[in-house]
Amino acid sequence: MSLWEYANPKKFMQVSAGVLPWVVGLTGLCLVVGLVWGFFFTPDDYKQGSTVKILFVHVPTAMMAINAWVMMLVASLIWLVRRHHVSALAAKAAAPVGLTFTAIALVTGAFWGQPMWGTWWAWDPRLTAFLILALFYLGYMALWQAVEDPDTAADLTAVLCMVGSVFAVLSRYAVKFWNQGLHQDSTILKVGEKDPLDVAYYLPLLVCIAGFVLLFVALVLIRTRTEIRARRLSALQARERIA
Amino acid sequence: MIALLIRDLRLAFRAGGGFGLGLAFFLLVAVLVPLGVGPEGATLAKIAPGILWVGALLACLLSLDRIFALDFEDGSLDLLATSPIPLEGVVAIKALAHWLVTGLPLTLAAPVLGVLLNLPGPGYLWLVVSLAAGTPALSVIGAFGAALTVGIKRGGLLLSLLVLPLYVPTLIFGAEVVKRGAAGADVSVPLLLLAGITAGALALLPFAAAAAIRVNLR
Amino acid sequence: MELVVENLSVARGGLTVLEGVSFSLAAGQALILRGPNGVGKTTLLRTLAGLQPAVTGSVSAPPESLTYAAHADGLKAVLTVEENLQFWAAIHGVGGVAQAMAQMNLTELRARRAANLSAGQKRRLGLARLLVTGRSVWVLDEPTVSLDVASVALFAGVVRAHLAAGGMALIATHIDLGLTEAGVLELAPYKAKTPVATGGFDEAFT
């Protein structure tokens, strides 16, 4: 039995219907545990006070904002190579979720930046790169909306996603070059180096990251199922028109 | 392929619009910005590199939707797709034609507008050099965007939404070259990066654009 | 030199419209495609011309031998008759512009811009383009729209000369071109019985 069997819409619907309640339940569990633990049972930072705890939302959403695009890129490539409709629809379904994560990361970043840096917004390379990422999401979604024929739309958006990925990476390095920035480097993987993330934050953050990854999976599954149903509906309507 | 280039240039000249409009738009940007910002020479000199690059970029954007839309509507694109010329070549030639009627005149006119914006002396050379190196990328990225939206009625706004994020690296490095040049600093790093982006876009995007056109012709 | 179409199915808007179309065409032969509106003539011709993929089946033709002409003529309004033809001749790397104009009775209009031509004259110019492609298989979608009786006869003569020179023609048309030697393919029997969506999507549920 090959992995590609799950690309069959019917098979996908069956399997995802079984998996979805578990994913949703696990998402809720991880998010509640991680966020409650992070917000109420961790010490305040000696410098940043309780403001620092926004990281439990900010860091996972920022990670997922990028990972969602990577997932869309992989799904687009699978569509272009193997022509599995579920893959194209999953990419379509992931875009608004990715955009929402990007927006949450930007907004929580602004709430964090205001007391720390004294400004809601700075043209910092990381912030700018996320803003540009949001524009890529918008363009991708707008192209899906504008093209009527679903297969044509899937092809065009897949090509856009590939080209956009290259330019998104280029933009990331271009804005780094353009401004050195206020934003600290990521500290999650700095265990054992200087200025690491405090151990007290580490575990709840990991739980939160797991929660947001699961949230993304759950939302994409639900949205993909909706897209499949919509495609099925229009296929039935088209068949009825002809008969 | 030369025939296609000659035809596109001839159409651009006879139909008017095309390159006159882009230049006029560029001029308007250079006139409106001082009216909005104020006449202080020091302020203008500081923002001149960025304004000139943004102006050139927007002027370039204006005529993008004409690259393929007219040929799509009158059926020429169908006929070109069945002709001996590969579609990738058609895209490359059309991007070249677009550059010749917009990018090149913008590059040549930019120093004059630099005077209006009080661009510091050493910046002029680098303004022309950076536009010459960067505007071909604007044309070929634009051709890719135009290829994606060719089948869409009134796709002009969507085209801008798709193309502008793709213009970010070119804009950053292009404006940086002028900024550093105007300040008398070393420009080699951003200039090489700019040229690299242009070379990469010229090499790869015609293939992506041709794929998009094939999808849109189905 | 032969065009062979085997068991071809074509789709429009994700729905199969024609299935099991098979025919072959040898040098010097023409085939008229007939069928009611919406049966899929244009879709079939675009598939043959390589502009869209077939659902199933195969089209085998000598490489670079087909040329396509449809409702849109691909003419540029600001170019003259002669310039329009010269462009397509240059694209295909062949000559014969003057002869093509003579054959389609356009020589007197050579310096006139396409914008100032009547609908029928434009159509004649669009068909004259076929003569400067050097391609042997003409795939024509309603070539006689807006042509008067004399021009239809003129065009039929051009097609006949093309066939006599070893060419082939596939013509979707409703009117009688007077090409008595051409075969006729009625498309209605090939209408897809089960209009399922393509790409293994719709049927995956059933």
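A, B and C are the chain letters, set down in written order, and residue numbers restart from 1 in every chain.
As a convention for this text, contacts are C-beta pairs under 8 Å (C-beta built on N, C-alpha and C of every residue); 3 or more make two chains touch, one makes a residue touch a chain.
Note that the structure is a prediction, hence the values are computed from the model and not measured.
Chemist: Of the chains shown, whose Cα centre falls closest to the middle of all protein Cα atoms?
Modeler: That would be B.
Chemist: Report the chain whose CA-based centre is farthest from the CA-based centre of subunit A.
Modeler: Between subunit A and the rest, the longest centre separation is with C.
Chemist: Name the chain pair with more contacting C-beta pairs, choosing from A-C and A-B.
Modeler: Between A-B and A-C, contacts are more numerous in A-B.
Chemist: What whole-Å value do you get for the distance between subunit B and subunit C if each is reduced to the mean of its CA atoms?
Modeler: Centre-to-centre distance between subunit B and subunit C: 37 Å.
Chemist: Where the centres are mean C-alpha positions, what is the separation of subunit A from subunit C, in Å?
Modeler: Those two chain centres are 48 Å apart.
Chemist: Would you mind pulling out the distance in Å between where the CA atoms of subunit A average out and where those of subunit B do?
Modeler: 32
Chemist: Give the residues of subunit B that touch two or more other chains, as numbers and ranges in rising order.
Modeler: 218
Chemist: For the complex, give me every residue of subunit C touching subunit B.
Modeler: These residues of subunit C touch subunit B: 49-53, 64, 66-76, 78-79, 83, 86-88, 90-93, 129, 133.
Chemist: Please output the residues of subunit C touching subunit A within their complex, sorted ascending.
Modeler: 13-15, 195-202, 204-205
Chemist: In the complex formed with subunit A, which residues of subunit B make contact?
Modeler: Listed in rising order, the residues of subunit B that touch subunit A are 144, 148-149, 151-152, 155, 158, 161-162, 164-166, 168-169, 172-173, 176, 190, 193, 197, 205, 208, 211-212, 215-216, 218.
Chemist: What does subunit B use to touch subunit C in their complex?
Modeler: My answer: residues 2-4, 7, 10-11, 14-15, 71, 73-76, 78-85, 217-218.
Chemist: What residues on subunit A touch subunit B, complex-wise?
Modeler: Residue positions touching the partner: 132, 135-136, 138-139, 142-143, 146-147, 152, 155-156, 159-160, 162-164, 167-168, 170-171, 173-175, 177-178.
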